Structures are given as C-alpha cells and as structure tokens.
C-alpha cells in the first residue's frame, strides 16, 4: 500500500494555486501539509481524495492511477473535510450508523467509545457544541475503517484534552500500518511525521 | 444494495423528521388550487372544465417547491462529497435520492388530489384518471427536477433559476397528463395518453440520472 | 511563472479563420438582406387571400428557421466542448445563445403581427408560436446559467448539460404541443402554410434565409472575438495578481 503523487498542478478559476507538487506516503507514515491561507492545502487534499481533478499530474495508489480505478481507491480512503457531514435532525449514533451502513461496515459502538461520545450519542446533533460535532464527525474514521486518512483541519474547535485523544488515535492508526495526510495550522508534535510545505513549493516555482 | 437501502432509509427518515416542509408543500398545493375558483368564479361547469388542468399545474408547481431539497442540504453540510466517496456511483446516489424525493414529497401530493378534484367538481372518472396519470407521469417531475436541482445546487438564489430551467421541460408531461384526464371525462380511451406518459417517465429515467450526476460532479469540484 | 496560462485561451487558429471570413460575411449579409427584402417586399406578388400582409413572412419564417438551427448548433458545439474540452466550443455556444434568442424573439413578434390581420388577435395559441415561445424560455434559461456561475469553466459545463437536455426535449415538446393544439384547435384558426409556395415567393424566402445566416455568422464572430479577448484580459489580471 502506498500513495504517490507526481507534479500536481491546481488551477482554480484561472488562478494557479500550486504547481509541481510531488509527494509519497507509505504505511506507518504521517504527512503534515503546511502552508499559509490560500496556499492550496485544502485543494491538495481534495485532489488526493478524488474530489477535485488536478490540472496536470497524476495520483497513484499501489502503482495504479486513481483515475483508472477510483472505486478501489475510495474503499481505502476516509476523508474528513471542513464541514461536519452530519445531519442535524439525527443523533450522532444515527449519523454514524448511516455511514457505517452505507460503507458496509459495522463498528459504530467502537467509534463512539473511541471519541467518548456515548453519553451524548442519542441527542439530536443540532444541540451539540461545535467540538462535540467535530468529534462525531471524526468518529467516522473508526466507524468506517480505511488505511488512508485524509484530514483537513481535524482538530479545529477541539479543546486540548480531545486534541490529545485524537493524537493518540492517529498515532495508533499509523502504528497499526495505517497512513495519514494532515493539514493543520497547529503543531500536534506528532512522532514519525514528515512535512510538506506548500509555501516553499510556490517559492521555488516562481 | 446495503448502501442503496441505507441511503434510501436515511433520506426518508430525514424527510419524515422535517415534516413541516411536507405540510407546507401540501398547504401550498391546496391554497394554489383554491385560488382558481376565487379567480374564475364558482360556476361548477367552468370548474369541471378547467379542473384537470388546474390540478396538474398546481401539482407541478408544488413539486417545484420541493426540488431544492433533493441535493441542497447534503451539498451544504458536506454530506454529498462523503456520499460520493462511498461505494455507490454518483448516478446511483442521484437515483436513490430521486426515489426518496418522489415517495416523500410527490406521493403525498397525489394522495390529496382526489379531495381537491372533488372540490373542483371533476367527474368521478376524471378523478381516477387524475390519480393514474399523476402516478405514471410524476416521476418525470422528480427526474427532470433533479437535473435542475443539481445544476443550481451551488448557487445562492438558485430557486428562481431552477424554475426557469425546469418548467419548460415539464410541458410535455403537463399536456399528456391533462389530456388523459380529459379523455377519461369524455369517456374516451385514456390508455394511449398513459402510455405516452409512461414513455416520458422511462425516457427521463434513462437520461436524467446521468445529467444530474454530471452536474453534481461540477458542483462538488 | 513556470506555467503558461495562455495556452488555455489562445485559439489562434479560430481567430485567423474568423478574421479572414469577417469582411466577406459583412458584405454578403448586406447584399443578401437587401436583395431578399427588395424581392420580398416589392417584386413578389401579394397573396390573393392575405393581401400585402403576407410579406411579413419574409422576415418571420427565416427567423424561425434560425431560432431552431442556432439551438442545434449550440447543442453540437456544447457536446464537442464536453467531449473534447475544446475551449472555443464552449465559447461559441455561449456567443450564439443571445443571437438565437433574438431570432426567436423576432419570430414571435413578427408572428403575432402577422396573426393580427389573419386571426384578428395578436396572440393565438397556435402550435408553432407556442413552441417558439417555449424555445425562447430554453434560450433564457441557458443564458441565465452562464450568468449564475462565477467560475467560467463550471458555467460552460453546466450550460452544456442544460442545452443537451433541452435538445433531447425539443422534439418531445414540439410533438406534445402540436398534439395539444390539434386537441384544442378552434375552428376559426387558419394555418400559416397558405397555398402551395410559388417560386416568386420561395426565392426571396431562401435569399432571406441565407441573409439571416450570414448575419448570424457576422455577429457570432464579433461575439466570439469579444469573449476570447475578455478571457485573455482575465488571464492577464490573474497573472498580474500572482506576480
């Protein structure tokens, strides 16, 4: 299992966001994507999550271009974006049950335990706080297990205790042979982390 | 199959929990139809004459009000992109959501049509024809509407544009739907009209999920 | 900049051909329209039933032809734009739409002016007029989609999807409207066909048709050139912003 991307270029609304980004990711590794606002962190993550087509360049999973076999790639990937992807009219448990059902998994209770959501799991998501919603969203990572995690600002609106909890889960995932791509402004001081700085890349390109 | 059922179940559950939206659509339908007797006068012959057309137009407009619900909420809270990363193809996601929309938003409209038809003095044969023609023709409303909803999902103020895009495409259904009811009232065979409606439904079933899926890909990018 | 953004919007070949055609298309437009109008308005005989009003036909019928053919052309170039992702294909559909809408509008106005003396009313729900009206709605929807997206490449794709759906639907709409019209046909309405077309009428009609086509080409070239220049200007601005 490995993710590999070569000379990715992203153009949004005729504007060049980034150019010639190369990266690779192997089991047991975390890649921390850094860069200031507008440097294209989210766009890069969305390209790698199959949600955006790059203007040039290829992304390959296990040596196969993901354009050729997107279904297989999507099975191996969990993406957490800015939005919570939660239905306000359903409880956290119902939301997770839906996602695990939809992706044909069944580890909802485990996920609720991992993010300490059991006490609030049956309230409508509407009344939860921003941090509780974020945890409910992150719980999808456990409820629908996949080797590759693509995480866009996963710890925003979490307090320090839960950031620690999330960090432990992330490191455990990687220790067990998973891999993760992470875009965040905060330094999580993770072990075994490599960095990709989009600011530097755009400097070189100029 | 499990994914399909999970999505169908979720969409129906959400529609059920947000029941106020359905109540509003039904009320709109009733009020819109009520306006016609007030506008043209209470003469029963006139009402019986225009009844089928009024009911079809009313159902069509009421359906239009519900279209933005097909994709809008899922698009805004990021659910749509997560669905796309799941095992179902986008075309299938679209189809599932269209089925849920038809069952939860259009079927109730059909269910109250007979009552409204009686209030407009539509002949008893016409009421049956009305139900049949709506059952066979209304999937077109959901299917074509889904294309319009997908095209306008990423827009602010998409609602007005949605009606501009969708209403001209609804015209054939309207014409054949009303014609079948009028045929039934005139004691003529209505099967040809219903078959044409069925043909429209099947044609839309083939084309629309693909068009809507292409439009959704565009919206998510 | 390491990457040349201009290659995304530099349809040199199109511009070269367009510039070569342009002066000729102006000349042919003027000559054809002048000849067609002269033949139609002065030379061709008045209709024995409709009198002089029949001459509206020479403005009306070619406009209706153009309304249909411009939409077909938009459908073809949108399909080309979706399949081969050629930037000029999208632009050409976009540039053609308002011209097609104008022809449709012209056909509607002249149709209703013609209808007044013939039917005694400015608007009769005649099958052809109704279909034209629906076609106008389709044009307006198409133009509204272009106006509603900020990202032009997205607008191009969305508009292309819409125009293709519309193109599939037009025959169905036409069929259903014709059929609706035969169901509800009031006895007094005459058809616009009239008697068999004589060559003294057909010739100016065809010349007018060619004149309209040539007029379309002329305006089309102006519009596409403007679109291309507009896109280049945008590119320059964006590049300036990034440097």
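By letter and in written order, the chains are A, B and C; residue numbering begins at 1 in each of them.
Convention: contacts are C-beta pairs under 8 Å (C-beta built on N, C-alpha and C of every residue); 3 or more make two chains touch, one makes a residue touch a chain.
The structure displayed is predicted, hence computed values, not measured ones.
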Original post:
Classify the inter-chain contact topology: is it line, ring, star, complete, or other?
Top reply: complete
Original post:
Pick the pair with more C-beta contacts: A-B or A-C?
Top reply: A-B
**OP:** From the Cα centroids, identify the chain that ends up most central relative to all protein Cα atoms.
**Re:** B
**OP:** Could you please state the distance in Å, as a whole number, between where the Cα atoms of chain B are centred and where those of chain C are centred?
**Re:** 31
Subject >> Between chain A and chain B, centroid-to-centroid distance (C-alpha), Å >> reply: 37
Original post:
Using CA atom averages as chain centres, what separation in Å is found between chain A and chain C?
Top reply: 49
Subject >> Set of chain C residues in contact with two or more other chains >> reply: none
Subject >> Residues of chain B engaged with two or more neighbouring chains >> reply: 221
Subject >> Residue numbers on chain B that touch chain C, as the complex places them >> reply: 144, 147, 151-152, 154-155, 158, 161, 164-165, 167-169, 171-172, 175-176, 179, 182, 200, 203, 207-208, 211, 214-215, 218, 221
Original post:
Inside the complex, what are the residues of chain B that reach chain A?
Top reply: 2-3, 6-7, 10, 13-14, 17-18, 76-79, 81-88, 220-221
**OP:** Spell out the residues on chain C that touch chain A in their complex, using ranges where they run on.
**Re:** 1-3, 5, 8, 150-152, 234-235, 238, 241-242
**OP:** Mind listing the chain A positions that touch chain C in their complex?
**Re:** 9, 11-16, 19-20, 205-206
Original post:
So in the complex, which bits of chain A are touching chain B?
Top reply: 49-53, 71, 74-75, 77, 79, 81-90, 94, 98-99, 101-104, 140
